[in-house]
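Each of the next two complexes has chain A plus one more chain, namely chain B in the first and chain C in the second.
Up next is the complex of A and B:
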């Protein structure tokens, strides 16, 4: 019998405890075969025989046991319970979890995880906001199902009318100087998850859904590629026009993008310069070696190793310099025909950045993406995930209002993201942010959820960093990736957007808006006085 | 009885709508059935009126206000000499309403019976929400010229005929965004149509359609005093009809799977980067799809066969004192390793 010492890891220290009912188990072995974390194993227990005899007999009994290890431990994903024919096994949350203490004490390293912060204990601001201005007899409301709505939003630098350079020549209006590129896109963007952060099947499903929504459903949705390379095939296809290419501080995959340029028949929808992300602001990308599969190595041009992107773009030291170097180069890459936007983590400093970009004299900043602290991530240090960042709502509002004060709202379109749909109300979150001043929203989280993510905001799974995602979404183990049904996920993504489209209209209609109510904060009320004052919207109780 | 003539302006004093309608009601009770009303914009003339003896009612009106013939009934005929403002024949349930000039907005709105003839054009949202109760004749709504935008919204039944006369300069004889939410009925239209809602289709006329138009056109033109246009309007080359798409047709878009098969990259987006035949794995798989597999070590094995007896997949066999786990059966559960008293089986990751 193994000796048990106090200073060893014990089952009761782990975040999840396996509950196993031996009387229901038929020992089929499926639970242990299915566990991607190797957190459970078949084991033999020595038992005293129940029969009373002169000799003390023992018998060997086959059971399922939980592994007690810092590496192979249960994340509560629930696959064992899913695969068990008899309901003999399940993971139960351990309220007295001390795993992360033990991890740090043993490894002398910061604790890393994927998914999202698990410290969302306070109520969300967006849930305390309601769409309170409903057209009743004051003005005509619309019919969400049957009226025609215009949901598109501009992406790209918008010049005020007095700065448009038009002239009349031979009776026709002509541009005297080239205007900044602009696209009319759907106000929901599939948000930047890289190849590597998600599996190839997940990434392909998102790309198919994007293409289908554009070409079959007429919904001009864009997908931001994330920064993990892009298959050359896609770059050279017509579908690239629905893609927003991302460049982050790691500059992964740009070699193939640049090499493909002469063969590209279409330009991309846009370019997004990622400065920071809401889940771990001030920190760079993190792809642990376990996820750097062979094809990821190839497409990114790196060996199998922990891939850490620097926390900043090396060589950029100020907002002005960023405009001159990064924005200019990215604009030049496609001959000033593609809008170039920037994504930063929401922060106390966001307004300064936005203000500075508004003053860009070259009109080459085509969008400002703000990512809030409830955002998810493929991998992060827990300390960043749980303790850094800024809620999205007030910061988006600050940026919008600072532009309003200068009469410059809408000139650099604002897009907001981070934790949208957290409480199951994605379309409502999107609508409220739009009324507060966003031109649109971006989401990665919802795509994961739609694809079958089993994780939660309360510590379930959250193992996106390991490459062992049991749903095949963030996995890089071939056999786990192949659990994901590309066709089904693509269809479900499409369906979710169609449902979101209906739901956005269901909110636009009673407000009486047939086009996107950007900045229509008069449509909102809040049941919280502090929120009312902070966001400058009506208080209702 | 003689014709009851009502002048609504006396000594520069205008009779209110209430006074006029109550006067008409009183006169009907007195036996009058034939009215000539010189109105001053009073509302609802000719609506919800009936004689207790079941006689037909006839109204000749000039200068009516809104909702002439609103909620009007079978047996009522209303002739407006000139034009009428909004809501002509709103909720008409059976009257024949003739407007010799133009109608206003929302003409024939919600009409579910009777006939409405307009000798000019009508405004926005005309014909919206028309319905047809199958126990009665369908409502008919004839317009010589054109309609405003948003006409025939949410139309659920009935027949509209928009003749498009003298409308060549218009982009659309139905304005913009007409037929939004139309689920029933038919709109016959002559001339250009633009900006229709996506829930309807425009189709050619069949014989029944032509017969209907032929038989209805003469009385229509007669009533509005334009028989001279009969030949021009019965040239069917410019006529089409708008009908709602059926639910089946609305769903004919290809599925995502079909899109992927027809339009997407043949070997998949990552075909040149990964090996992937597209199979979707279950949680417990065999062979190369397993997460883990067992390895047998002959040096440690004592040949007790416990592994063979406990393997849930019956994957293990013994040949010449060698134990073999069949890849095609084994799911990598690790039971062989657990039960082996000598640790002869170990489990290793397949990836």
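Up next is the complex of A and C:
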């Protein structure tokens, strides 16, 4: 009887199993070259010979074999199948996967990954909501092609009209005091993904698309830099005015930003102070050493090591304190000309935080970015990714309605993100969240999808943490990064936003809105009674 | 679609004029009601311009409750007028038992009160009366303000006219400004409060339209001022916004248009006053309207206003004679009342205009 080594890792324990058809293989080697995870290798198999002319009893056959290793294992990215000219190889999901158990049992460490949560057990709320109030007859629908639509939304603290302190001179109103900075931006923001979390090519493509959309297409979109600084050249260029600079607890990249300030010709679109992240709330930032490439070290001014942004900002013990210290210093940095916003993870406590900021008498918080649990991440402990967080929809609604209760809706613009476009309908998701009270939305996930991310919410790839992203999006390995065509990605991003623009209008027109329907929840219905009750919208069946 | 009308004249006019104005526009209404507001009163009310005039419809119980409250607050009756009711059979009207139009003297404690204090008393009293009548389902208070008389009723405008004997002009019930609508609110429930024109503290408003930002407006206005109540019609929001801009914020009335239909960012940014306009657009985003609307209003200065939605989706025409100006939904109404005018001087306002009729009947056309 053969000895069976139960306590070793076996192919059947891995999340993906390589299916290989040797009869179709021409031994070109493309699959092994394409696999960024080193999950397959060329190998020689000794087999019983069936040939009657062969005097030997065995023969050697060149095959592709799957590596069985905790480090080098198949993530199901599908690159091997993509490059195989004959369809000889593919990765097949193993429903009896025990990899994460084996990893923890062997390494005595928490299992980490990137991408998205893989426990989508609840079904999406946004998919159960429809735009159900259609303008007809005497209240006519608008024409998405013919009519003009205003798609800009305010970003920055909005004061109630009686606090604007206007003076009237010769029948005209004039400003008498400096008011908090305010921008009018597109309601979709390119979400915060740092140089480091994504490759320089991906980041550059987003920056190019942002500039092109603003300067050529007239779509005033903003891009958030993520925590990790931005190239000095960009800081000193006029394009910085489309950038929302992010600062988080690690303060990575801020040395370079501060040093560039004297030479900056434009102020940035805004500052986003990241407190939390929807995909891993309560957890800090995490950039594993494998992704800290040389240029990332230079921009951030750090050694090649795991870069951890702590879960909390040092020295901040209360919301009031964060207002007084952090916001004030960020506002002061740009002479109170730049909106300063905060990004937090959606949580049961979001309303309390929002209330504190709304009631802050200094009016320094200019935006509330709420990130839901379906958001993506470059790297996280799987336990955080799969088991912590709060869905975006109800929490956004809670924040909006708490403002309504106080007559303060719109004073701190709400921006929602986290899983938008998960089922392929980004514009519809954005529209529904706007109707529920968001001034706008932000997304990182859609940008990755557009760029060619091969990951999924069901465990495919999700290796953003490794630096070995097979699409070159979240990679820091030169060869992998080169897989990404900067111009093509930028073009696709631009095209996607143009399509989104058309689709937003196609939803605004039938509900009779020529400007953004922020808080127009009467335009929505839901086919789920619980959702209707929770979000205070009409139930339809 | 609603049909609305506003008449301002150098003469004192009887409400029969408003009925006649709306008669030829009857295809646009559905026999569901008739309502009008008279301001700058003549006739029997000419000598009581400074005293509050209560317009109310109530049951016997409602009348008693209202009188008790007014007495308790110290108001005393100075003059009362009752319409000459013609209760013929077959009239299509859902009449209330009592229609009360009475001039009251302020409480003695208000002898030296300021105008603002008196106005505060009137709005507080109006809200209290309305609440009491609502709770007991015993009546409706339409206006309680100096020099303003309001009547609203459910039924056929023609029959309502017959019932209140309004088709025959007389010199008792007259005013220089009359605003009227010949339709109940058909979007929501048929209730008397939903009928235009609406009145609040010297401001009257009436609209032909559908305000698709109703929920946004309502959510915001409910917290803005105690007098912003009811919301039986999405057009009330327009009146409340005018009141908020002009009376509470004390902004020039031209900014009303910038609040309800703000210009797109790309147009604002080219203007010299862009900074102020962008602030207004952001701070009062919840008071923007959307959907097709024509809005007519009367200000406490007794000037008429007319504005349209940003896409000009509803009709309005303004015609003028020597001594009278009429704004109404269809030119047919003006043709009936001012047949011999120079029709080339009729005004069809555009989407960016605010039309203002001054007290000397000069018409100003402000471009947004």
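By our rule, the second predicted complex is superposed on the first by the 525 of 541 C-alpha atoms of A that agree within 3 Å, B and C clash if a C-alpha of one lies under 4 Å from a C-alpha of the other, contacts with A are read in each partner's own complex, and residues count from 1 in each chain.
As a working rule, contacts are C-beta pairs under 8 Å (C-beta built on N, C-alpha and C of every residue); 3 or more make two chains touch, one makes a residue touch a chain.
Because the structure is predicted, anything quoted here is derived from the model rather than measured.
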{"item": "Which superposed partner A:482 touches (first chain B, second chain C, both, neither)", "value": "first"}
{"item": "Comparison of chain B and chain C by chain A residues contacted", "value": "B"}
{"item": "Partner chain(s) touched by A:404 [first = chain B, second = chain C, both, neither]", "value": "second"}
{"item": "Partner chain(s) touched by A:494 [first = chain B, second = chain C, both, neither]", "value": "first"}
{"item": "Partner chain(s) touched by A:110 [first = chain B, second = chain C, both, neither]", "value": "neither"}
{"item": "Touched partner set for A:69, first chain B, second chain C, both or neither", "value": "neither"}
{"item": "Contacts of A:139 with chain B and chain C, given as first, second, both or neither", "value": "second"}
{"item": "Which of chain B and chain C A:165 touches, first, second, both or neither", "value": "neither"}
{"item": "Touching partner for A:178 - first (chain B), second (chain C), both, neither", "value": "neither"}
{"item": "Which superposed partner A:148 touches (first chain B, second chain C, both, neither)", "value": "both"}
{"item": "Chain B and chain C contact sites that coincide on chain A, given as residue numbers", "value": "147-148"}
{"item": "Complex contacts: residues of chain C adjacent to chain A", "value": "1, 210, 212-216, 219-220, 222-224, 244, 248-252, 254-255, 262, 264-266, 273, 275-276, 278-286, 288, 290-292, 310-311, 313"}
{"item": "List of chain A residues in touch with chain C within their complex", "value": "135, 138-140, 142, 147-148, 150, 152, 154, 158-162, 164, 166, 168, 171-175, 179, 182, 184, 218, 404, 406-407, 409-410, 511-515, 517-522"}
{"item": "Residues of chain A touching chain B in the complex", "value": "26-36, 38, 41-44, 60, 62, 79, 82-83, 143, 145-148, 200-201, 203-204, 207-209, 211-212, 215-217, 231, 233-234, 237, 293-295, 298-299, 477-488, 490-491, 494"}
{"item": "Residue numbers on chain B that touch chain A, as the complex places them", "value": "153-154, 177, 180-181, 197, 199, 253-257, 259-260, 263-265, 268-276, 278-285, 288-292, 310, 312-313, 331-335, 337-339, 349-351"}
